[in-house]
Structures are given as structure tokens and as C-alpha cells.
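Both complexes shown next keep chain A, but they swap its partner, so chain B is in the first and chain C is in the second.
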Partner chain A sequence: MATPILKVENLQHVYPGGVVALRDVNLEIKPAEIIGVIGQNGSGKTTLVKHFNNLLKPTSGKVYFNGTDTAPLTIQQMAKNVGYVYQNPNQQLFARTVQEELEFGPRNLGVSEEEIQERCEAAVEFFGLQDLREKHPYRIGFPLRKLVGMASIYTMRPAVFILDEPTTGQDNVTTQTVYRLIHRLRDEGATVICVAHDMILLAEVVDRLVVLRDSLVIADGLPREVFANHTLLSSSHLIPPQITELSLRMRTDKDASSQIYLSVDEYVNAVKKSRMK
Partner chain B sequence: MDRKPIIEIKDLTFTYITKIASEPAIRDVNLTIYEGEYVALMGLNGSGKTTLQLCLNGVIPNMITGDYIGTVLVEGKDTFETPVREMAKTVGMVFDNPAFQMSQMFVAEEVALGMESLGISHDEMHARVPKALELVGLAGLENRSPFDLSGGQQQRLAIASALAMEPKIVVMDEPTSNVDPIGKEEVFSVAEKLNRERNMTVIMAEHEVEVIAAYATRIVVMENGRIVLNDTPQEVFSHVEEFHRMKLRLPQVTEFAYQLEKDGIANFNGKYPITLSEAEAAFKGLLD
Partner chain C sequence: MHSGVSIPITLIPGNSIIHRANPLSKMIWVVGYLILAFFTRNPLVLGVLTIIGLLLVQVAHIWRGFLLVLRVLLPIGLMLIVLQSIAPAFPRPWFTVVKLVGGLAIYREGIYSGLSLLLRITSVTTIAMLLIQTTHPSDLFTSLQKIGMPYVLNFIFTMTLQLIPILQQEFGIVLNAQKSRGLKGTGFGAVLPSMVPVFVGAIERVQQLSISLESRAFGSQGIKTSYRDVAVTPKDYVIGALGAIFTIAGAVWIGFNASALDWSRTLVVSPIVALILVLGSFLGFFIFIAVVVRAILQA
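After this line comes the complex of A and B, so read on.
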């Protein structure tokens, strides 16, 4: 088996003042996996992912990146391994133009000028930022500013991307851009960890769901299995996508996870297939 | 239902003044909203939802200036000629990021802030603060810091601050885009309660179609500054192909019904289910 890109062992985090944010978390994430981390506000999700790039250090326990203990590494050293895209781009962006914003990360990592320009071109094209290159990030609307936040991490080519609520405040068009980005990152070999409440993202885009409640991981599995677990969902105040909920209500065999559908297309195809029999 | 118009927008076109000559943000908008309606505004980012909302309390054109043609009457008052301060008594505004609206040390002060600017007496303010907090389910939190509240609580506090001014209309711009699922539910149910129990007119810009389908009495869809659909949720969501063209999402059960109809598996005669319970009823027997 391949070395996990991230491994968390008996991780505990206690904030100054004694608030226990994480208790004994164990997790292995494989290269090129797309992970959804869900849970209510205050469940520990953000605390957990901030350990992946050393923004937080464990109170006890270990975090390994590609088999190496991250404890001795600085945030700067981890930045080229794990990129963190903030929910609010205002916490992340600081340059005077979008172009500078895109160049900053790779230049800081010592990437060659030629390579920086290539990466910027690719990012501009993919995120559709052609007309914004010379604009100040704060002079463009929130949804696009958020895409700039993602693009500026994308140019650093980290092995792991952490996306904190990537689709909030986005409309359907920019949401689809984010979904496409996630798949593209995976196709390019990166691991993507989404902290999100967007149930369509969690049902249709991610490979695996990690559910946190009260500082503990209470479930870790395929979206289909997690969404089938009613007790788990309601105790964590999570609502499956409407189409999944419909399939849960309509299914004839209450134990068959094969009758649970995560997207409209999946459900339509299943109905068509059963009609053809 | 009492069909008393509370907002009348006539031939409204507005263009922001920027360095570069720009296109109107909203154009040729005609819209009448009646007292007690729960109107959802839909459309892609940039379609004009926020601009239209800012016209409802006179912030446009009195504070944000630009090229303004047409009229907006709120309770018969022309918003162009009425001071924004005066309009605030009728129209309460709640924005997408509650933290941006918070400025005070204590929840009670946050609620009182808007009232202060209206010159309401201290006695009256003391009476209204607990009432407003009660309405949004934050009773007893007067002495907490707004910044210690959860996202959903902060958004409800922003609503309470708007409500304390006792407006007849509350305008919300994507009020749940920054809160978790519980917080979303809290905000939507508060809005519904105000609408049902107090006959308050609610105008909410929102992307989450499943929620809109469950709560709104009317949907206005905007595209490039124009109103393209304006009807009941049932009727608006029957324009499936129009939604596809505009790249807007439909409730998943509606999309599902449409696809099955297209494949000849079911027939809804254009009346697709738009909520989960409608879908459950419609598909009973059909999918067994």
C-alpha cells in the first residue's frame, strides 16, 4: 500500500484556556483522494485541518506528511506541501494586483521566473481571470475574489489542497468551476480536503467523508454509507441532498445502500435501467 | 389574501458610476410587491439582485449615486425623495456577512444601534431590545459579545437589529451564505415566522433553491439586470429549460421529475414537484 500523504495519530488539541478542540483523532489520507470534512460549527473541523499545514501544532499526537513527522517543520516549509485556501479570501489576499497575487507563492518557493509565468497562465485560463490580472483583488466581487484565492494557491502546486468552504457565496456557475477545479487537482495527482457544508459537493464530488462531532471523528467512509446512516446524520444535524433524501424515503429495501442515490443523474439512470428489465 | 401593494417599482434602470462607462446593473425593472409576501430573488452573481435590494430603502440613489431612471414607491413614499433614515423605519436590511454588521461590545447595544440613529427614546429602546431578541430566539443574550455568538446566532442578531426598528419589510441579501446547516435553518424559520405571524413582507436574495421552494410565496428571477421570471415557485420552477439556459439550479426533485418526463417514464404536464413531500407523493407507486 502507498504511503499515506497525510497521517494523523492520536491527535489531541487543547486551546489555551483549556478548551478541548480535538480528542484522539486518527486518520489516513491517500494521495489523490478527495476528502470531505463535515460537522457543525465548533465540532473541530477547522482545528483538525489546521494541523495539516502546521498552522496549529498538536497538544499531543503526531501528524505525518508523506511519512515524515511534521513536528520539526515550520509553516513556511509546510506551505509547499499543503496549501490552505481560506473561506474568506480577505484573510489570504494582500497583493496589489491579481497577477502579483498569483506570482507571490511560487516566487517565495524559489520557482524559476519562466515556470512562474507558465503557472500563472494556466491558472488565469482555468479560473477565467483573463480580464482581472491587473485589478486589485479587493476591487473585484467576492465570488471571483474567492477564485483568486484558490488560483494563488494553485500556482504553488502543493501536494495537498485544503479548501475551507470553497462554494459559500458562489452561484451555480462559479460553484461548478470549483467542482471542476477539485477534479482537475485530483487528476493532476493532488489530494483535496474540503471542509464544507455544501451537501451537493459532499455527495457528488468527494470520495470519502469524515464526520466530526464534539471534537471526535464519529464517521469515516463513503458518502453513500454516511448518508445512509440516519441516526448519525440527525445527531450531527446534517441534512443529505434533497435527491438523496428522496431515494432514502423511496427505497424498498431499507438495508440496501445500492438504493441510495447521490445525484439526480444517478437516480434517473437507475430508474431507466430498472424500467428496461 | 390582502392584496395591498407595499412596494411599486416602475421602469427602474440604474447604472453605477465607475471610471469606465458601464452597463446598467438593473434595467427596465417593473415589480409590484404586496404586503405579506415572501419573495425570493434568484439569479447568478452580477444579475442585479443586490442592486435591486439597495433601491428598496433608498440607499440607491441617495447614498450610492449613479444614473437612476424610474421610481420606487415604498408604502406610497418615493425612495428618491425620502431620507434614508426615514426609510429605515419601513425597510430593514440584513446582509450576507453578519460579522460585517457587528460593531458593538454587547448584543443589546448592537440591537439598539439602529434605533439610536432613528432618534427613538431610551425607554422605548429598552422595551424593544428584549422583544426583538425574543423574536429571533436570542432572548437573554443581551450582555454577551456579538463576536461570541455562532454564525447562525450572529445572523439572527443582525435580523433582530433590523426588527427593532419595527419595519414592515425586511430585505435579506443571501443571509445564510456564511452559516452552517443549523444556522441556515434558524435564519429561514425566523424569516418564515415573521412573515406568517406578523405579516411582514420578506424579500430575500438566495441561491439555495430547495429552501426557496419550501418557503417563498413568489420567486423573481433576474438575468443581466432584468426580471425574466416572476411568479409562484410552482410556476417559476416549471420553466426548466429556461433555468438550464440561465445556468441556474432547480430543486433536485424538480430536475429529477423533468428528466424522467423527458425519458417518457412519467408525465407531469408541466407541474413538477418542487418540494420533498410533493416529490414523495408524486413518485409513490411510480418508482416502487
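After this line comes the complex of A and C, so read on.
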């Protein structure tokens, strides 16, 4: 098996004041995987992913990036390995133009000017920001601003992207764009970790789901498996996408082996197939 | 987000007699202190005011918050001693205590003036902190409203106070966002990328607040009631009356003894003491600056 890109061993985190946010978390994330991290507010999702780029240091336990212990590294040193895209782009963007925003990260990493321009070109291409380069980040709409936030991390070429709620505040069209971009990031070899409440994103886009409840990982598996586990989901107040819920309820004891569908397309195809028989 | 930083201008919960006293009674003491502290320049009187204040701090058990404030104010006060000693804010002629290099010298009037300024700062700060750190802001504003402070003005103060911790928290989040973009979190270069989002966020927040306030009929006529009610007990009248008596008696006494209390021309300072005082103050201020610079560089 390939070395996991991120590995978490017996991770525990206690905030000052004694609030236990994570207890004994173990996790391995493979390169080019798309991971969804879900759970109720306050279950420890954000605390967990903040350990991946050293924004938080473990109270006990270890975090490895590509086999190396991250403990001695600073946030700045981890920035080139793991990129963190904030939920609210307003907390991230500050420059006068989108172009400057894209240049900021790689410049901090000490990348050569030539390379910076190359990366900016690539980012503009990838995120479709051609018309926005000279615009002020605060003067463009929220969904696009969010893409600029992602693009400003993209230019740093991290191996792992952490996307905090990538689809909140987005309309249908931009949500679809985000889905496509996540897949394209993976196709380029990046690992994508999505912290999200968007069940469709989690069902249709993500390869693997990690469920947190009360500072513990209570499930870790394929979305299909996780969504099939009704007791587990309801114990953490998570509701699967409607089409999944429907296929779960339509299942009878007789054909317990029958499919659980994650998307409308899947369901429609299956129904069509069974009609043809 | 736990930033670990706390601003010392908020309530430190407690149950001392000072915590329980009515905000207005405490206000009388603060106003009294202000009057007395600016009525006299006599270091002894100001020193006594400071000591009474410190005793009250002990009664209220707010040493931690108080020292946080003093940590910043004391070095500034010490620098005043240094500056005043070599250039007193007094009419000439000045009496030279120690001749330093060139035209520099330590003057008696300067030491007197520096000491009174420092003690003025400590006495007034002590009592002001005592009020702020033992009183819930809402109680303070409710009480002020009772004696006729306009509601809108009150509201502005309350909202401003509430905004400070929010902005502080926001600054922590933004700084983390920039650090995860490889920003070295030190020096002036770190300030701009973090300040812009904080200020833009603050302005947006205020705009939204004003809309949401107007949509809830803010500014409509009528009597405003308050969720918090501040009771006035006989004890509060006693505390308030004591404060008033203390102030008036103090002011009258200072007024009658004005010439005796003016030590500007009579204060006897030996050259050694003067040198130790000025150099010590300078050192204190220098250590403060060094500590601050180090903290900023390590951030």
C-alpha cells in the first residue's frame, strides 16, 4: 500500500479551559482521495482538519504528512503541503486585485517570479477567473469570491486541499462548478478533504466519509456504507440525501442486498434496467 | 476559537462588597477620585489615594486584571518621570539637583511634577479599573439610564464594548488564514493582510446591525425598559454618601492647605536619590519596550 499522505495517530486535542475537542482519533488518508468529514456542529470536525496544516498542535498523539511527523514544522512550513480554504473568503482575501491575491501564497513560499506567473495563469484557467484578474476581490459576487479563495490556495500547489464548507452560500450553478473542480483537483493528483453539511456533495462527489460525533470518529467508510447505517446516522442527527433515504426505505428484508442509491441518475438507471428485464 | 488573550476592561466576576455595590455609588467614588487627583499635585496625597485604591482592589480580588492594566500604564508613567525630570512642565527658574552631560540636568521641579503625574495616573486608574472590573456593563448602563443618560448614547457604548471581543476573535481567525497561506506572522508585513479582512468584516457587521436594528423599530418613541434591573439598597446610599463626603472633605482640606501642599519649591531630593529614581524609571520603561518588541517578534 502507498504511504498515506496524511496519517493521524491517537490524536487528542484539549482546548485551553479543558474542553476536549478530539479524543483518540486514528485516520489514514491516501493520496488523491476525496474525503468528506461530517458531523454536527461542535463534533470536532474543524478541530480535526486544523491539525492537518498545524493550525492546531495535538495535545497528544501524532500527525504525519507523507510519513514525516509534522510536530516540528510551523504553519508556514506546512502551508506548501496542506492548503486550507476558509469557509468565509472574506476572512482570507485582502489584496487590491484578484491577481495579487493569487500571487500572495506562492510569494510567501519563496517561489520564483516566473513560476508565480505560471501558476497564476494555471489557476485562472482552472477556476475560470479570466475576466476577474484586475477586479477587487470584495467587488465580485460571493460565489466567485469563494472560487478566488480556492484559487489563492491552488497557486501554492499543496498536495492536500482542505475545503471548509465549499458549497455553502452557492447557487445551483456554482455548486456544480465546485463539484467539478473538486474532481479535477483529484485528477491532478491532489487529496481533497471537505468539511461539509452538503449531503449531495458528500454522496456524489466524495470517495470516503469520516463521521465525527462528540469528539470521536464513529464511522469511516464509503458513502454508500455510511449512509446505509441508519442507526449511526440518526445517532449523530445526519440525514442522507432524499434519494438515498428513499432507496433505503424501499428496501425490504427479502432483498436486503439491493442497492442503495446515492444519486438520482443512479436510481433512474437502475429502475430502467429492471424494467428492461 | 480560544485566543488566550483577554482584554482587561471587562468584568471580572466576583461576589465582594464592591461587586455587589450599586454602579452609581461606585461612580461617585470614581468622580470623587478624579476631582481630588486633579485638585492637587502633592505626591503624598496622590500616594494615599493610590494606596486606598489598592486596598479596595484587594477587597474586590481583581489583582490579575488590575495588573494587566498596570503593566502597560506603569512604564508610561515611569517615562513621564524621566521626561519631566529633565524638562519640567513648570515655570522657571528650576532648581538643579544633578547636573548630567551637556545641558541636561535633573531638576527638583521635574521630579515633583513627574511623581505627581505618575501617582495621578495610578490613583485614577486604580479606581476606574475598580469600577469597570467589578460592574457588569449592562448594570452600569442601566444605572446611567436611570439618572437620565440618553438611551441611544447608552446603546452606542454597549455595542462598542461588545464589538471589541468579537473583533479580537476575528483577528485571530484571519491571522490563521494568512498563516496557512504561508505568511510569516511577524512584523509590519503581517499586519496589512490581517487588518484588511478584519476591518472590512467589521464594517459589514455594523451595516448589517443597523439594518437589523431598524427592522426591529430601533429609535421608536416610548419608554425603554431593561431586562436587567439594578436594585438600590440602603448600603448603596451609604457607600455613595461616604464617597461624596470623602470627596468634599478632601477637596476642602486641599483647598485650605493649598500652599502647604505645594512642595514644588520645597521638596528636598538628594542627588543620589534623584539619579536612582530617574535611571530606575528609564530602565523600567526600557525593559517594557524590550519585552513588547520581543513578544511581537515571537508572535
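Just so it is clear, the second predicted complex is superposed on the first by the 270 of 277 C-alpha atoms of A that agree within 3 Å, B and C clash if a C-alpha of one lies under 4 Å from a C-alpha of the other, contacts with A are read in each partner's own complex, and residues count from 1 in each chain.
In this section, a contact is a pair of C-beta atoms (placed from the backbone, for glycine too) under 8 Å apart; a residue touches a chain by one contact, two chains touch by 3 or more.
Given the structure is predicted, the values throughout are model-derived calculations rather than measurements.
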item	value
First, second, both or neither for A:Leu55, with chain B first and chain C second	second
Which superposed partner A:Ile153 touches (first chain B, second chain C, both, neither)	second
First, second, both or neither for A:Asn41, with chain B first and chain C second	first
First, second, both or neither for A:Gln91, with chain B first and chain C second	second
Partner chain(s) touched by A:Glu245 [first = chain B, second = chain C, both, neither]	first
Touching partner for A:Pro16 - first (chain B), second (chain C), both, neither	second
Which of chain B and chain C A:Ala71 touches, first, second, both or neither	neither
On chain A, the residue positions that both chain B and chain C contact, one per complex	none
In the complex, chain A residues that touch chain B	40-42, 141, 143, 168-174, 176, 197, 199, 237-239, 241-243, 245-246, 249-250, 252, 264-265, 267-268, 271-272, 275
Chain C - residues contacting chain A, complex	2, 4, 170, 173-174, 176-185, 192-197, 200-201, 204
Complex interface listing, chain B residues touching chain A	43-46, 96, 150-152, 174, 177-183, 207, 210, 247-249, 251-253, 255-256, 259-260, 263, 265, 276, 279-280, 283, 287-288
Complex contacts: residues of chain A adjacent to chain C	15-17, 53, 55, 75-76, 78-80, 83-84, 86, 90-95, 104-105, 108-109, 138, 152-153, 156
